[in-house]
Structure formats: structure tokens, C-alpha cells
Amino acid sequence: MYLADHTWPALQAELDAASTAIVPLGSTEQHGPHLPLATDHLIAEALATAAADETGIPRTPTVDIGVSPHHRQFPGTLWVDPPAFRQYVESVTRNLAYHGIDRVVYVNAHGGNVSHLREVGRRLHEDGTIYAVEWMWDESIPELVDELFEHNGPHAGPKETAMISHIAPELVDETAVSEARDGGLVDLEESDAVVHGARTYYDAIDNSANGAFGDPTDATAEKGERLFEAATEQLVHLLEWLEAREPEALRPEPRVE
Amino acid sequence: MYLADHTWPALQAELDAASTAIVPLGSTEQHGPHLPLATDHLIAEALATAAADETGIPRTPTVDIGVSPHHRQFPGTLWVDPPAFRQYVESVTRNLAYHGIDRVVYVNAHGGNVSHLREVGRRLHEDGTIYAVEWMWDESIPELVDELFEHNGPHAGPKETAMISHIAPELVDETAVSEARDGGLVDLEESDAVVHGARTYYDAIDNSANGAFGDPTDATAEKGERLFEAATEQLVHLLEWLEAREPEALRPEPRVE
Amino acid sequence: MYLADHTWPALQAELDAASTAIVPLGSTEQHGPHLPLATDHLIAEALATAAADETGIPRTPTVDIGVSPHHRQFPGTLWVDPPAFRQYVESVTRNLAYHGIDRVVYVNAHGGNVSHLREVGRRLHEDGTIYAVEWMWDESIPELVDELFEHNGPHAGPKETAMISHIAPELVDETAVSEARDGGLVDLEESDAVVHGARTYYDAIDNSANGAFGDPTDATAEKGERLFEAATEQLVHLLEWLEAREPEALRPEPRVE
Amino acid sequence: MYLADHTWPALQAELDAASTAIVPLGSTEQHGPHLPLATDHLIAEALATAAADETGIPRTPTVDIGVSPHHRQFPGTLWVDPPAFRQYVESVTRNLAYHGIDRVVYVNAHGGNVSHLREVGRRLHEDGTIYAVEWMWDESIPELVDELFEHNGPHAGPKETAMISHIAPELVDETAVSEARDGGLVDLEESDAVVHGARTYYDAIDNSANGAFGDPTDATAEKGERLFEAATEQLVHLLEWLEAREPEALRPEPRVE
Amino acid sequence: MYLADHTWPALQAELDAASTAIVPLGSTEQHGPHLPLATDHLIAEALATAAADETGIPRTPTVDIGVSPHHRQFPGTLWVDPPAFRQYVESVTRNLAYHGIDRVVYVNAHGGNVSHLREVGRRLHEDGTIYAVEWMWDESIPELVDELFEHNGPHAGPKETAMISHIAPELVDETAVSEARDGGLVDLEESDAVVHGARTYYDAIDNSANGAFGDPTDATAEKGERLFEAATEQLVHLLEWLEAREPEALRPEPRVE
Amino acid sequence: MYLADHTWPALQAELDAASTAIVPLGSTEQHGPHLPLATDHLIAEALATAAADETGIPRTPTVDIGVSPHHRQFPGTLWVDPPAFRQYVESVTRNLAYHGIDRVVYVNAHGGNVSHLREVGRRLHEDGTIYAVEWMWDESIPELVDELFEHNGPHAGPKETAMISHIAPELVDETAVSEARDGGLVDLEESDAVVHGARTYYDAIDNSANGAFGDPTDATAEKGERLFEAATEQLVHLLEWLEAREPEALRPEPRVE
């Protein structure tokens, strides 16, 4: 159920019956020479929509721009400073609590958002406002991801290429997929990204000249469909698990006395 | 040109040639018993898209959630606290400056965002980052709006009903349009919204029991189309006017010496 | 009753009996070549004093410096950044709640303060601290203003000239009144302040070379007196209306259930 | 020269010639049973006015409300939270730098403002904006204060009583002066304000039941006049000393190399 | 070289010759029933000291309290809110830049600090202040850690037990080591910490009743010594690598043009 | 009892029985040519340790870096901006309240921290979190300090030299003690630090070329021992006095009604 498509009287009954809401979040940032800047927010929105449809749980509009300063050198990348991003998400989540929601899943498709969603989630959890968890699609199906692709770069690699080939194939520049591999970084371990245990880079461009990681030539729309369905299934299970919990199980443990 | 649909190499040439960008902003808030919560951000996005297509000027993703605490009593309304909204918009606008853009039009369809966009725009103007102006569609065509409708409420009235009937007719609950009029506030002057010169209300519900203002029974998709085309034309003219200005004309005047 | 002129034991009884307080706010900013920088805060203080005397309601000291960055190019203009202004006013208003006041009228004479006072008032209203409304003198008597003057500029025009001629005639530079008209902007509609619906200026100097708007040659002390008395009467009525309200009528409406 | 009483063209020449400005600051807080809440800001304004008149140096409006939470238990006391106060003062001081002023004297009459003015002054000094110093009248004439009064309480005692008897005698409640002494704390050393080296109190009421300190029965308008003249003389000397300094002498020392 | 043990003239020559500094950071938080709260900051300080001694690079005092709200339920745990932690570390790092240092290693022994140190490091890197990298000892020697212990909990497990047995054996409660294993969580995969890809916990107590993770009965002081020496060696190499870099290699890449 | 040296089960009983905690705070800043940068935090930690041992009251780790921008010109000085320092200390103090502590003594050895600790203490006192008082060792034994030394500079003078000679004699550069006197400022009254009542300096270097104040040649380890023991005794008395107070005596007084 997509909250923004309805009138408030239509939402009233839905929200009265609901305890959970879905908030999709992505980014608008370079994804190599072959994928659109929208990649992450398209994935988040598509998964959130599928799970909302299947479960009837309300979902909010997607936060399209996330914490992406590490991709800024590539033309068109947009980003929000971490404090602004955290406050924006916190504000929206508090709204849901006002409307009676007491649990939220952040359906996230951008690694750069993770620690910030955890920080916001903790704040809201500790002050008793709401219980929100961050969920990232590829972390819910690690075996399948490994099975399908040989070189899984963390960004603009085969798993994202497959997903967009499935969700929005018209936005993939097929002519640039080999170039993505050849001009990017196929294998993270070949880079000097970590020196004696320290991550010495701050930006994607430090490791990949064209912003792509992994080998996306491996990706197909069919693989994308398998990923999409498997991840949606995990998300639906997570939502069901969350809805089944007792409210008191969502609150912080008391101090050990 | 919608920035997020393209790869970064495709954007590179576009942005090198561009001096202006369009940032659409709306809200996700109650719009009476007959219009969807998405009303404002749908309008902003549709106008921004039309103008971006016509001019080739890049537009960013839409900021879907705005400053709407005054509608919160109606189920489903989402809002962002003013400081968070201002920081979020400021952050995104600074990105555009990093990419070489020096002028921005905030295509806005929500009255509650106006003063905040002006505050952000001023800050960016004063520190020399970028020149951003706020544009609200109905303020660009006041005569046409007055000509088409008898009772123009500021919110969820005939002008927004006509626009959504044109842009996304499937989201209008036609069965509730009369109810919107009968249970809302048709004429602002009949309310006690202003007492001896002071606005004594803070929330929409203080003046309208169902959140609607004006008489939307007057609205049709055809009128919506006229509004849409007239406003798009104004927006295109504004963009052309802006692009034609010299960079130094965009900077603050110096102190009078 | 001016709070600062009394000892605390004298105030104790007054405050115990009071539910309402008056907070005057203005600016210290250029008002054309003929009016003093103090114009706005003099007007706010004079009106607040008159209404406090007539009603016995306590008034606080005047906030003399407001949100005036848009006048900064003219020598001597002082201003406070919006976040600082909001916090300052919020702080002072919370004090009044501590002393048992549950309603406040911001007697404001500077347009640049309005949206900020509304933002502070909303915050205090929503968290249940106090009910504060913003009141601007000329908005309480629009018919009289229109009746008295032909070209009512929004700033440093005939209405403010008349008011200062009544309140503090020694501060009006009579020799510069024609110059105010001739070197300023008599009719806003002649300016290009609004382009295709967008306000394209940020500073007063963008529209008026000497900072004046309207035609102040029309102003007299007698007209000032009429304005002053009419506005005071409106303010007194507002205060009486406010005092007569039940405390529960001052609180936000609950969510629609 | 009082900046707010003039038009901007009149100020232009004044400010072009000026390097220094005076900013008076006080408080609106209880001053025992016999003195008005305005005490501190009246004193600051009177001294600033006298020195501005004598030297021709521009002075700004007075900041009437300061950092006074420690007096809040007494009816009518107003206060500003420290961060808001610091930002407000910083904002106003930056204005003066915009207008070409490079040195400021904060003419302060409230002890609770001191550390905050120093913090703001340091920030502005370190970033090269302006050189601002805090000056408190009684610290400029310690010998005279000691000579005139036997029990000099730090607040609402004889020195402030004398000053207000001189500046605004109609605001002193003469009938309550003995009561101020008898119900207050005459001698700080008799209190348990400091325990084994720690200040264990946070509020004035912890040490004085009526908010007065010292023995104000000792005060007369004549003594007030002597204090006023002596302090004004010191302030004038300070301003002259400041104006005589080379701009580079106002900047922070470089790091020791 | 420990900066705080020296006089400023002694430091002058050292700092003039230095480009790099070491800032140790840890936490003060529960470490199961057998390890002291100081565990993390003791480890960070010991490693920093060893590397500073070996290389002559200056190190600052240790930040003893970190971002540990997730351990708060256990008595004595101290923590700093993320924004305060980030500002504190940023402030200290800026000092080092003032003294001519242009590269910093955060020698960190607490996982909860990582994302915050990265956020601060990025901010300082982007504004050109300094190049700071976060280094966590166990991530520099993953093979050795795996070789030495069977059940490596992330917190209060064998690796930390071994380290403290080497660094400060008197602070290990040997009688509680088996209890740490038996009442804690030996194997993270046995927990329900991750549900369908989402981390559903916020606090250590959600997964471990006594705060310990892994099997610390495996730990010895000898193993601790091996860890300590191996990690110190990595840290020294990192410092040498960092010192050898050209200053321009430390700056952010420019935008792709 | 040093909190960080214990396991959480060991702390549980201690904290259950405790109402008071000790938080030591100092600085890392130049202390003339003869004393280490650690001077203030070493003194605070030593006194806190002695008092914690004698009373059994828990003490936290020491805050080693304080508010010292006024010493920054001397190589190696570290400092934290005032807002960051206040937030850091507030965060740590709130932790103690979570663990059941309702009173705190800030054992402080750096004058630059005082006003900030008072500001934090007030905030926590007013919102009912905890009652925290600031204690500075030399202010608890003013007579003894005066008796032992002729020229007591406020910083890096004989009292601190004596204390470090007692606590950490190996860190005193005996060869530089005369130089400290000769190249520093022996007598504050000889400086032009205060001009007509205004402190016109912001930095230590404005008054002392080598950062030392007073005559440290007068100091001996024996005098240091006397100071240390006398101050410890005062601190123990303060802690006992604090522990003996009723909880309600720690709360703010209500408003005078």
C-alpha cells in the first residue's frame, strides 16, 4: 500500500490497523559508465513496492538522495551531509509514530546510508519513539549473490546491473558494460584500498577510475529477476517477523540490576 | 533532462553546458477527502519534468516530503521539521554548485515550503554559492486561476483538484468532491482565521474539518490542462530569463559606499 | 504594565493574575533617506506600550534587532541570523511560561520577522508550552491604510512615515521625504521584483536604490495618529479576545481518530 | 552617537569615519524588593549613551535580556539560554564588521553575561572578524566602589541601588530598601555559598531569600552620580585607548615558530 | 614520543620535524564478567605508545570514552553521544593541523567508534584540513587472530582477553573467564542477531546476557604478546607508509572533468 | 575506586551503594618552559585518585584535553572548542545518572574549564538529571597557597610547579625554572592585561612571552606535598558533605509563589 496515493480518509482505516511501515531509501550517485544515477533509489523503491503490495503494509515515498559524498567527483552525483540526512530521516520516522506506527523497516539500497540509519534508529529506539531496523537487500541473500556472480563489486557491479536490467532495462547503457569492467576495479583485493589494516581512501575514485567495481558483464535481466524475487521474499519475511513481535519486545532492555 | 536517469558520462557533457538546474519540491500531506497525499509533489514533478523536457535543463529528483506539520492531524500526513528541511535542501543545492551549476529554480507546489526555500536561497546567495529562486506554479498565473474558479481555496481546492485530474486522474476520488466542499471551508473569509489582524490558527484543522478549502466541484481535467500548460509556459520563460542573465547579475549587491 | 520597570514583589501579584503577555519586536534597519533605523522597533514598542497601559497586561522589553539581512547594504543596518533570532525569541517566550503565562502576542512591526515568529510560535504550541500569535499592526487595519495613502510601499513608505511623524517626529528628516519618493520605488508593480511568478530579488536594494518604497510625501502626523489609534484599538481587541479564550481552546487539536 | 536614531545616509559618513562601536548589554531580572528588573540594562544603556555622546562613537541598541537563569525563581525574571545569547550577540557583532567597524566594546552591566561575551569575543577574534572586549562598569572603578560602601553585594546591593537612584530614581522603591537588606544576604562570607572551595549553589535564591545582596541602605543618588561619572570616564578612556591601537595590534599573535 | 610529557620548547623542534601524529581512542564499557571497562582504551594506548616509541612520531593523550551506548545496560559503562564524540575528535584533530601536522592515524580499539571517526576524517579531508585514517588493531592482523583462537567474538572475547592478559594482567578476573564463555554468546551465528538480512538488535545485551562474545578461555598472555607485537608492527608500517606519501597524494581527487 | 579498572559485575555493587561520582578534568596545554603539557590533567587525576581511594567513591577516567585555545600559540597545546567540550562532559555526566548516581564533583585543574563546567552543571541541575559541582584545587586552599609562595601566577607558576614536582618530578625541567620566571610574567599587575576595567587580551602569549606566570623558583616538592595533602583533604570533606545531603536538597528551588 503506497501511502501517498491515497486520500486521508482512505488511509485512516489502514493506519489504524497497521503497526509497521516501510521507508525506502537510496541515493542519486554515479554507478559506473553503464548504470543510471537513480540505481539505488530505483532498487529500494521497487523492493519496497513489491513487499508493500504483498503484505498490505503502508510504504512512504522514497528518500532519493542519500549520503554519497564519496562519489561526488563523478558528474551529477548528489548527496546530503550526514547530519542533514539523519535529521531528515528522523523527522519522517517520528511522523509515523505520531500516526500510531511503532515499527519501521528502512528498505535501503545504498551502503553509505547504513551507519546513519543505525544512528537514527538507535536514537528513536532509546527514547521509546519507535523501533526501526535497517535492511539492505543484498545482505539478505548473500549466498545467491555469490552463486550468481564471480566478481561482486560492492558498487555498480553485476548485482546492481542485474537488478536494473530487471527493473528498468531502458536505463542500462548496454554498450558501456564491458567498459565498466575494463576501466573500473574488478577485484577489490587488487587495490591498495586497505593498507596495514587501515582504509586509506575516502572516495570511490581513489579505487576505480570510472566508478564501477566488480565485473558487470556477468549480469542479465534473468539473474536480476531471481535476485529481486529472492530479496522481496526475505523482506516480506522480515516484515512478518516484525509484525508478529510483542510491543514490549521492541523496547530497549532495562539496565542490569 | 532528468538527471537521475542518466549515467555519469552522459551527464558530464550536459552539466558542462548547463548553468541552471531545476529542483522540484512538494509535500506528502492530506488534501481533503478527495485528493491523494501526493498532490503537491506530483504537481511539482510534472511541471518540472515538462519544463526540463522543453528546455533541456537538468532536473533533480523531487523532494517529496516538505514542511507540513500544520496538516499532521489528518492520517498519513508526513512532514519534516523546518531546520531539517532547510539543511536537506541546502545540502542538495550545494551539490549542484560543485558540479558547476550557478543558478537553480525550486519548482515548488507547497505553500509551507516557501519561507524555508527563501531562507536557504538567501544563505546560498549571500555566501556566493549559487543563485536559487523559489517558484510556485499558481503564483505565476493568478489571473487564469481567478478566471477559472469561483472559490479558490489555498489548499485542496479547485486548482489542485483540476491539476490532479489532469496529471493523475486515477488518484482523484470523484465520489468525495462534493463532500470536500460541504465538509470543508469554502470561503476563507467566513472563517475566524484572522482575528484583528492576527492569524490565530496554526493548523489546517482549525479552519477546515476535512482539510479542504475552496469549492473543488468546479474543477475539471480540462481546466487542469489549461493550468498546467499556462504554468509550464511561465516556468519555461523564467528558466530562459534566468539563463540569459550575466553571472555577475546573480550576485548580491555590494554595500552602499 | 511594563514588566521591567517593576520590582519582583510588585510583579508577583500582576503575574499571578495574568494569563497573557505582550512581546514587542522590530528591527534596526535602513528606512530610506528620511526615517531612522529604529522605525520598526519604535512602532512596535509604542503600540505595545499603549495596549499594555490600556489593558494592564504585562509587556516585556522590546526585541530591537530582527531579521534584516535584506537591508544590510545600507549603512548601519543590523540584523540577526534567522536561527539565532528564533532561538532568542523562543528562549524569552519560554520564560513567560515559567512565570505562569499561557498566551502571548508578538507585537511585530517588521515583515522580515513574521515567518520566524510563526515558526517559533508553532514549536511552542505543538509542545504545549504556550500559545503565541504574531500580530502586525498594518495588517489589522488594511482598509484605513488604503484609504489614507495612494502608494503604500511595504517599507519606508507613507504608513511608516506617518507613524514615526506621530510617535517620534524629531527623528524624521523632513528634508529628505521627496527624495525618498524620487530615489526609491514608488510602485512595486513597476519593478521587475517578480518574474513569471518568482521573486527574483533577495535584497531591498535590488528594487529600490535608496531603500524606500511607496510615496511618503503623502504622510502626516495626523494620519499617523489615526493609524496609531486604530491599530491600538485592534490590538486591545485581540488581547481581550485572547484572554477570554478557555485554556483548552489554545491547545492543538488532537489527531483525527 | 546612537545609531538607531539616524537615517542611513546620516550614518554613512559616521560609519566611514568610525573604527569602534559600543554595544550595551544588560539583563531583565529581579533586583531585590527595591530595584526594578530593568536595573542592569538601564545602567548599561546610560553609561553607553554617555560615552557615545562624549566620544561620538556609534552605539547600537541595548540587548535588554541576558543570561539570567539563576534569578528565574523570582517573578518576572527573563533570560536567554547561553547558546542563544551567544549566537545573538555574535550575529549583531558580525553586522558591525560588515559596516567596516573593526573593534567593539561590550558595555555590560550583568555578571551573568561575562563569560559568554568572552566566548563570543574570542571566536570573532580568532577568525579575524573583529576585536571585541567586554567591559563591566564596577570592575573599572573598584577602589571607589569599596570606598563608598561597606557591604558591596554583587547583586542588587548598594552600588546598583545608587546607580538607579541617579539614573532612574522613580523606579527605586525606597520603602523596600531596608527590607532588601534584612531579608537578603548582607555578607557573602556569612553564606555557605562556597563549600571547601566549590561553589555549591546555582541560583541566587540559594543564598538570598529576597534576591538582594549587600546593604543597599548605604546608597544615595549622590553616590550614584559619583559612580556614574567615574565609570563613564573609565569607559571613555578605554574607547580612546582602543581607537588609538594599530589594526594589526588587534589581531591574534601568530604561533610561536 | 608522548606529547603531553614534554614542555612546549621541547615539542617545538619535534613538531617542526613531524608531519604525522597518532591519536589513540578507545572506550570505557563493559567487557564481560572478566575484563575491565578500560579494556579498549588500554589496548589503544599501549599500541599507540609502542608505535610512537618506535617511530618517534608524537602521540596525543588517549580519548578514553567513546561511542558505547550499546553497552549501557551493564553497570559502569560510559558513553558519549555520537555528535559530541565527533565534535570532540574533530576539535582535537584541528589542533594538530594548527601545529603543522598534515596526517593523523586514529589508533582505535573500539568498533563503535569506527563510523564516527570515518565521518570526522572525511569532513577534515574534504575541507583540506588534514588527512586522518582510522586504524583498528585486529583488522590489521586477521589471519593471526583466526589462527590463534577458535571462537573470536567481536567483543570481550579471546583476542581482547589475550591482549589485556599481556598489557595489564592484574586487571583480568581469571576466575570469571569460564563464566564469560558460559553466560555469554560463544558463536554469533547461533544468535538471532540478523533476521532476514536485518540487524534487529541495538544493544549488546540483546545477544549476550553477560556482555561477552566468543570463547575467552582460549586466551593467554603469550598469545596476547604475539597479537600485540604483530599489530604494533602493522601500525609502524602504516605510519611509515603514511609519512612517505607526498602531501598532494593526501588531498581529495578533483572532480572528473 | 577507579571505575575503569573493574569488571561490570564488580561495579554493580559499588554503584548500587553509591550516590556520588568524581570526574577529573584538566588540559593538555603549554605550562611554560619547565612544566609538561600534561600538568593540569596530571594534577586533577592525582587528586581525584587520592580522594577516590580515601572515600571509596567511584571516579571516572580523566578528561585530558580541555578548553585551552588561549594557549594555542605555544607548540603542542591541544584544545576543544567550548561547545564540543560542554557536550562531551554533559554526555558523560548523563551516563552517571543512568547508573543511579545523583551527584558529581568535577575535580578540575584548569581555569579555562570553569565556566563551561558551570554551564553544563546548571543545565543538568535545571532539568533534574544530576547535581554536579565544579571544584578547583587551589581555590579550596587559598591561604596555604598565599603562605607558601610570593608570586602566585595563575598559570605555570609556583603552585603548579610544586604540585608536579611532587606528583611527577621526572617531568619538570629543572634547568628551565629560572628561565620560566625571567622570560615570563612574574606579576600580573605589571602587565597591561586589564585596561580601564576591561580584559583586553585573549591569549596567554599577550601577557607572557614564554607562557609562564608568577615565580616558580620558589617551588619545591615538599611544598607540593603540602598543597596536595591539603587539597585532598578539602576534596574529601566536600565529597562527605555532598554525600550527606538529602536528595531533595540537591534540586532547584521552586519559583517563589
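Lettered A, B, C, D, E and F in written order, each chain numbered from 1.
FYI, a residue touches a chain if its C-beta (ideal position, glycine included) is under 8 Å from a C-beta of that chain, and two chains touch if they have at least 3 such contacts.
Because the structure is predicted, anything quoted here is derived from the model rather than measured.
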Here chain C maps onto chain D under a C-alpha rotation whose angle in degrees, rounded to the nearest 5, is 180
Check: interface with higher C-beta contact count, B-E vs D-F, is D-F
Greatest Cα-centre separation from chain E belongs to chain C
When each of C-D, A-C or A-E is compared with B-C, the one sharing over half of the residue-numbered contact pairs turns out to be A-E
Rounded to the nearest Å, the gap separating the Cα centres of chain B and chain D is 48
Rounded to the nearest Å, the gap separating the Cα centres of chain A and chain B is 28
Between the Cα centroids of chain B and chain F the separation in whole angstrom comes to 56
Where chain F touches two or more other chains simultaneously, the residues are 8, 12, 72, 74-75, 83, 98-99, 255-256
Those chain pairs meeting the touch criterion are A-B, A-C, A-E, A-F, B-C, B-D, B-E, C-D, C-F, D-E, D-F, E-F
Chain A residues touching chain C in their complex are 8, 12, 98-99
As the complex stands, chain E meets chain F at residues 3-12, 15-16, 28, 30-38, 41, 58, 60-62, 64-65, 72, 74-81, 83-85, 87-88, 90-92, 95-96, 98-99, 171, 173, 176, 211
Chain E partner, complex, touching residues on chain A are 69-70, 72-75, 82-83, 105, 115, 118-119, 121-122, 125-126, 133-137, 139-141, 195-200, 202-203, 205-206, 234-235, 237-238, 241, 252-256
Within the complex, chain D is touched by chain B residues 255-257
